[in-house]
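In the two assemblies presented below, chain A is common to both, partnered first by chain B and then by chain C.
Showing the complex of A and B:
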C-alpha cells in the first residue's frame, strides 16, 4: 500500500504538468485519473490518453511504503494547489475487502480522503524501448517547436497535417509543419551525428505540451527516442511520449519555391503593428490584407463591404518590380510572432504564387505562405 | 406598379431609375471567322459539327440564316438547306479570347458586368452616367469600340432592368440599338408574344393560349390572383414580367454562388449506367469551370427530373471544398441511389457545386495532394489546346455510345442553348 511524503510545491507543479495529459473526454474513466506510484525514493505521476500523449513524471519523496493507486487528475490538482507549503502525506486507504479505494492526503491540519481507483485498472501506456536517439538542448527544442507547430492544421479529418514532420538526416534535424495554406521549415544542426535517416510525424498537441515544460533558458539536453510507432522526449524527471501519426506527409520540398522575382525587407515590429491595425477591418473579409510594394514603401490595406476600409504604409526596402498580393494577415502575424530576427525578408514572384518569409540573415528558417485572391 | 422604383444602393439620387444594358454579339462565332478570313465575308458560314457533318450548328452567319439555318439545327439539315455554305469547326479558344476582349471593353464603363455566356453580358450603368454620359451614349460608345477595335458588331438593348434590356437587344439584330425608357415599357411589351417572356416555355405558353392569352399586353390584364391560381409560384413571376418588372441585380462573376451543369436526355431513361456516365460528364464540365475560375465548393447537389416533370434535388456538404471531377462525381453519384431512382424514367440529370470558399485562400499543394487532381489539370490543358472532345474518360466511351446524348445540342453548347434570358 502506497504511503509517501513529498513537498507540496513539487507535487503541485508535477500534477499541473502531468494533468495536461488527461483529456477529460476519455471513454475509459480511469484515464481521467493520474497514476501514482511510490518507490525508489520518488513518487511517479503518470497520465495517458493511450493515443497521442503520455506524460510520465517523477518527484522526490520519502517512501514509507511502496505501492500504486490512481486518483482523479482534476481533484488532485485542486487539493495539491490548496494545501500550504510543506510536507504532504499521501496514503492509500483500503475498503473492508482489502481493495484500495481512496487516498488520504494530509498536510498540517488539512486532511482529505479522495476516492480512487486501483492501479491495476490503469492501462499500460505505450512506451519506447529502443530506437533512433538524438539529443537536443531544451531551449533549442522549445524554440523549434514554437517556430513550427503553429502552422500545423487543426482539422482532425486530415490527421497527417495535425502533426509536425521530424526528419532526421545525417546533417541534422528538419521540422516541417503545414496546413496546406502555409508551410514552415526549420533546420537544426545537431552535434551528435545520426547514422540512419528517418522521419516521423509528431502530434502538434504533444509538441505543444512538451514546449510548455521545456525551459526557455536551460541548454540541458533532451533525449529524443524514436521508434517505429512512438516517440519519447526524455528529461531528467519527466518523459513525454506520443504515438506517431501514421501516413505520408505531403511532399513539402516541391512546394518551397527556389527562386523569386521581388523582395521586400522590413522591420518585424513595424509590420506586426501595422497588420494588427489593418486586421480590425480585414477580420470581416477572411483576414485578407493586400500588400502593395512600391518604391521604398509597403502599403497594407483591407476592405470589407460591411465594415469599411483600413490602410497603413510602412517603410521597406524593395527589390524588383512593384507588386500587389493579398495574404491572410493571421498567417503572417503568427510567423512574425515567433520570428527570431528583427527584420524579415518577404520574397515574392506573382500575386498567385507562394510567398516566402525568412528572418533576415538566417537560412535555417523558411515560411512559405500562399496568397489569397485579390477580389 | 412602380416601374421607376430606385435600385438598392442609389441613395444619392433617390429617384434614379436603374439603367441596364444588354450587349449581345451578332452571330458571334461566324462573325469572328468572317472577320479573320475575308474570303468568307458575304457568304453563308456555318460554325459547328465535325468534318463528317455530324453534330449541330453552333452559329450561323446572317447570310446562312437566310436559308433557314439556325443554332442547334443538325449540321446535316443545314447542309441540305444550303449546300454551298462554308462549314467550319468550332474554335472555342479563339472565341473565348475575343470574348475577353469584348468584356474588357464593357468593364471600362462599370465593374458591374455580368457575363452570361461567351457572347453576351448585362451591365448596370446606373452609377456610370456621370462619368460616361447617359446609358444611350454609353451603349453607342460600346458599339463603336467593338466595331473599331474588334471588327465585330453587337446588338445592344437599354432598359430599366435586365428583362427589358435583353428583349430590347433582340429587337433589331444585327447591329441594333434599342432603348426602352421606363415610361415606354408597357407599350414595348404590349404586342410581344407571351413566349418571349423569360421562363415561359412551351407548356406555359399552351396553357396561356387556352386562356385566350397570346400577347404580353393581354397577359398584363390578368389579375395576380388569377395567375397565381392558375400557375402557382410562376404566376407571380408572369405577372411581374408582364408589367415589365424585374428586380434581379446585375451580378458580376466574382459574386457567383454556384456552378452547375445539367442535361436533358434525347430519350427518357432509367438506365443506371447511362445516368452515372452522364453524371460523370456533367461533373467534368462543372469541375473544369470551377478550376478555370479558381473556385471550389463544399456543397454538391444532384438534380433529377423524371418523365412526369417532377423534379427532386439532393444535397450533401463535404468536409472540405472541392473542384475535382472525381470528387464532384463521387458525391453526386452517392446520392443517386436506387431508392431515389425507383426505376422511374429520368428526363434530366444535373449536378451543382455551391458553398464556395469565399476567402479564396490558395492552397500550397493545391491539387497536388491527389493524383486525380493532376489528371484533372492535365485534361483541362489538353482540352484547352485541342478542344473539348479531344480527350475522354474511358467510362464515357466504353460502349460505343460515346458521351451521353443531349436532347437538342451537343458539345460545344450551341449559342441558342444559352439564350434563355440569363440566370
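Showing the complex of A and C:
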C-alpha cells in the first residue's frame, strides 16, 4: 500500500505537467487519472492517452511503503494547488474487501480522502528501450519545435500531416511540418554522427507538450530515443513518450524550390504590424493579402466587397523585377511569429510559384508558402 | 456456310438486346462471364473510345468448334442448361443463353475461337445478327470476341450513350467487379491501348482490392469471415475510417456472382452502427458461398438482383460477421445510429419487406409524426415564433430587421453557451435564440462561396493531394473539371484511377478538404457524368460537406464568431437546403409560459 511524503511545491509542479497528458475525453475512465507509484526514494506520476502522449515524471519523496494507485488528475491538481507549502502525505486507503479505493492526502491541518482506482487497471505503457539515440540541448529543441509544429495540420483525417517529420541524416537532423498549404524545414547540426539514417513522424500535440516543459535558457541535454513505433524524450526527472504516426510523409525535398527570380528583404516587426492591420479587412476575403514589390517598397493590400479596403507600404530592399502575388496573411504571420532573425528575405518567382521565406543570413530555416490564385 | 435468314428471330433478338445490353459495360460483363464459364485463367478486355468503337474480350478458355460457335449466336442456345433440374442448380455465370445473340443483333461481331484440343480455329463474322462469314483460321486456343460499333443499327440507343470517359468508367467498374468475383483469374483492362487495370489471378482478394483502391486504400480494409448453416462469408470490409456517401462501393458476390441487395447492404451498415458518421456508408467486397438451391438468381436478365430463400437468416449472419470483424480490428460499435427505427424498436420492419398494412401500426406511425408538429402549432399560438420558409409577413420583416441590427452591432448579441454540442444558445435583445451549429456553419460557408462567385480564391498546395477514386468517380471528376475549377478546385488526372489536386477553395482550406471534394465527386458520379449540377447546388454541397458538424464542442470565441458571421448572411434563418437554422423564443412567450401574464 502506497504511503509517501513529498514536498507540496514538487507535487504541484509535477501534477501540472503530467496532468497535461490527460485529455478528459477518454472512454476508459482510468485514463482520466494519474498513476502514482512510490519506490526508490521517489514518487512517480504518469499519465497516458494510450496514443500520442505519455508523460512520466518523478519527484523526490520519503517512501514509507511502496505501492501504486491512480487518482483523478483534475482533483489531484486542485488539491495539490490548494495545500500550503511543506510536507504532503499521501496514503492509500482500502475498503473492507482489502481493495484500494481512496487516497488520503494530508498536509498540516488539511486532510482529504479522495476516491481512487486500483493501479492494476491502469495500462502503464512500456518504456522505449532500444533505438536510435540523440542528444539535443533543451533550449535548442524547444526552439526547433516552436519553429516547425505551427505548420502542421489540425485536420485529424490526414494523420500524417498532424505531426512533424524528424529525419535523422548523417549530416544532421531535419524537422519538417506541412499542412499542404505551406511547409517548414528546420535543420540542426549534430555533434555526434549517426550510423543509420532514419525517419519518424511525431505527433504535433506531443511536441507542443514537450516544448512547454523544456527550458528556454538551459542547454542541459534532452535524450531522444527513437524506436520503430515510439519516440521518447528524456529529461532527468521526466520522460515524454509518443507513439509515432504511421505512414509516408510527403517528399519534402522535391517541393522546396532551388532557384528564384526576385527577392524582397524587410524588417520582421514592420511586416508583422502592417500585416496585422491589413488583416482586419483581409479576414473577410479568406485572409488574402496582395504583396506588391516596387522599387524599394513593399505594398500590402486587401479588399473585401463586404467591408472595404486596406493598404500599407513598408520599406524593403528589392532585387529583380516588380512583382505582385497574393498570400494568406495568416500563414505569413505565423512564420514571422517564430522567425529567429530581425529581417527576412522573401524569395519569389511568379504569382503562381511558391514563395520562400528565410531569416536573413541563415540557411538552416526555410519556409515555403503557396500563393492564392483567383479563378 | 449457313446463310439462312430468320427475320422473326432477328427482331426478337433486337428486342431482347434491350434487356441485356444497355451500354458497352453490359457487353463487357456478358462476354467476360462467358469467358469465365469457358474456364479461362486469363481474360483480357480491350476497349476503344469507351467501348463505343470496339470491345474485345480475349480468353484462354476451352474455345468452341465450328458448330458450337454458330449455335452460340442463336437465341436461347446455351450449353449450360439442358433440364429443368439444371436450372435449379445454376452455378455458372450466364445461363439464359441470351447474351451472345443479343449482342450480335446490335453490333458488328467477330468471334475467333479454337478448342484447346482442336487443330484448327474458326472466325465467325456476324453483322447486326446476320451470320456473314465462317471460315477456318489459325489462332491460339481460347476465344476472342470483338464487338464493334455497338448499337450501329439502333441509333436511338446509340444516342443515349454517355461520353467516352463515362462509358470507359462503367466498363472498368465491371471489370473490377468481375476481378473481385474471381480473384483466381488474371484480368487486364485496356482503353485505347493504355493499361488501366490488372489483377494477377493469384486468388488473393486483397491484392485485387489494392489494384482498385491503391495500396493506401487497401490498407484500410479488414478481413471478414464466417461459416455457419451451409453458408460461408469471406472477404473484406472497410475500417470505419474509410467510407463513402453512396453504396456504390458495397460489392457483394453470391456464389462468385456480383449481386445488388438492399438486404445485404443493410446488414453490413447495421454492424457499423455509430462507428460511421450519419449518412455515410462502408465499402466492402464480400463473398457469400451458399447452396445454389437456397438462392434464386433468375430474377432479372441482368442477374444483379438476388433473393435468398431465408433472407432474415442471411441478414443476421452477415451482420454478425461484420460486427465480429470490426471488433477483432479494435472497433466496437457503441450502438445503433439513432433513427426512428432505433427509437421505436417495435416499429421496426423485417428487412426487405414492405410496410405492413396493419392499420394500427400505420396510425401509430402517423401519430409519431404528427405529435411534434402539433406541439409547435400550439406553441405558435402561445407566442413562440418559429421560423418558416414562408413566414407571416410582418413578423418576419421585423425579425429580419432585428437580425440586421444585430449584424451591424446596434443590438448586442450575447452567446450564452452550447447545448448538447449541437445548439448555440444566445441572447438577442429580449429574445432567446437557439441556433443549430451545423446549419449555421453551412449557411455561412454557402454565402462565402456565393460572394466569391465571379472571383473565387483558390489556395495552391505545396504538396498536391492525391485522391484514389473509382473509375466512375474519376470519369465524373474529369467531366466536371471546369465546374470544379470555378469553385476553386484545380485537379488533373494522375494515371490509373488517381486524381491530383493542385489547389482548393481558400474559404474551406481549414476544413477537411479531401472529404469535401470526395463528397462532391461522388455526388457528381451519382447524378451521372452527363448531367451538370448547377453552381448553387455545388456550393450548397461544399457548404454542407465542409461545415462543422453537430457534435463538435465549440469554444466561446468560435461560437461568437459563428453567430456574428451567421447574422451577416442574407438569410440567417434558413440553411441552403431550406431547413431552419434559428429558433427564437420571445420574452412574451417565456412570460406566458411561466404564467407571469
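Operating definition for what follows: the second predicted complex is superposed on the first by the 372 of 375 C-alpha atoms of A that agree within 3 Å, B and C clash if a C-alpha of one lies under 4 Å from a C-alpha of the other, contacts with A are read in each partner's own complex, and residues count from 1 in each chain.
One rule holds for everything that comes next: a residue touches a chain if its C-beta (ideal position, glycine included) is under 8 Å from a C-beta of that chain, and two chains touch if they have at least 3 such contacts.
Only a predicted model underlies this, so the values are computations on that prediction, with no experimental measurement involved.
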{"item": "Fit or clash between chain C and chain B when superposed on chain A", "value": "clash"}
{"item": "Touching partner for A:370 - first (chain B), second (chain C), both, neither", "value": "both"}
{"item": "Which superposed partner A:180 touches (first chain B, second chain C, both, neither)", "value": "both"}
{"item": "Chain B versus chain C as contact partner of A:154, first or second or both or neither", "value": "second"}
{"item": "Touching partner for A:255 - first (chain B), second (chain C), both, neither", "value": "both"}
{"item": "Among 113-121, 167-175, 383-391 or 563-571 on chain C, the segment whose C-alpha atoms clash with chain B after superposition", "value": "167-175"}
{"item": "Overlap of chain C and chain B interfaces on chain A (superposed complexes)", "value": "155, 157, 178, 180-183, 250, 255, 285-288, 328, 352, 354, 368, 370-373, 375"}
{"item": "Chain B residues within the chain A interface of the complex", "value": "254, 294, 319-320, 358-365, 368-369"}
{"item": "Chain C residues within the chain A interface of the complex", "value": "448, 451, 455-463, 465, 485-488, 490, 503, 506-507, 509-515, 568"}
{"item": "Chain A - residues contacting chain B, complex", "value": "155, 157, 178, 180-183, 250-251, 254-255, 285-288, 328, 352, 354, 368, 370-373, 375"}
{"item": "List of chain A residues in touch with chain C within their complex", "value": "154-155, 157-158, 178, 180-183, 250, 252, 255, 285-288, 305-306, 328, 352, 354, 368-375"}
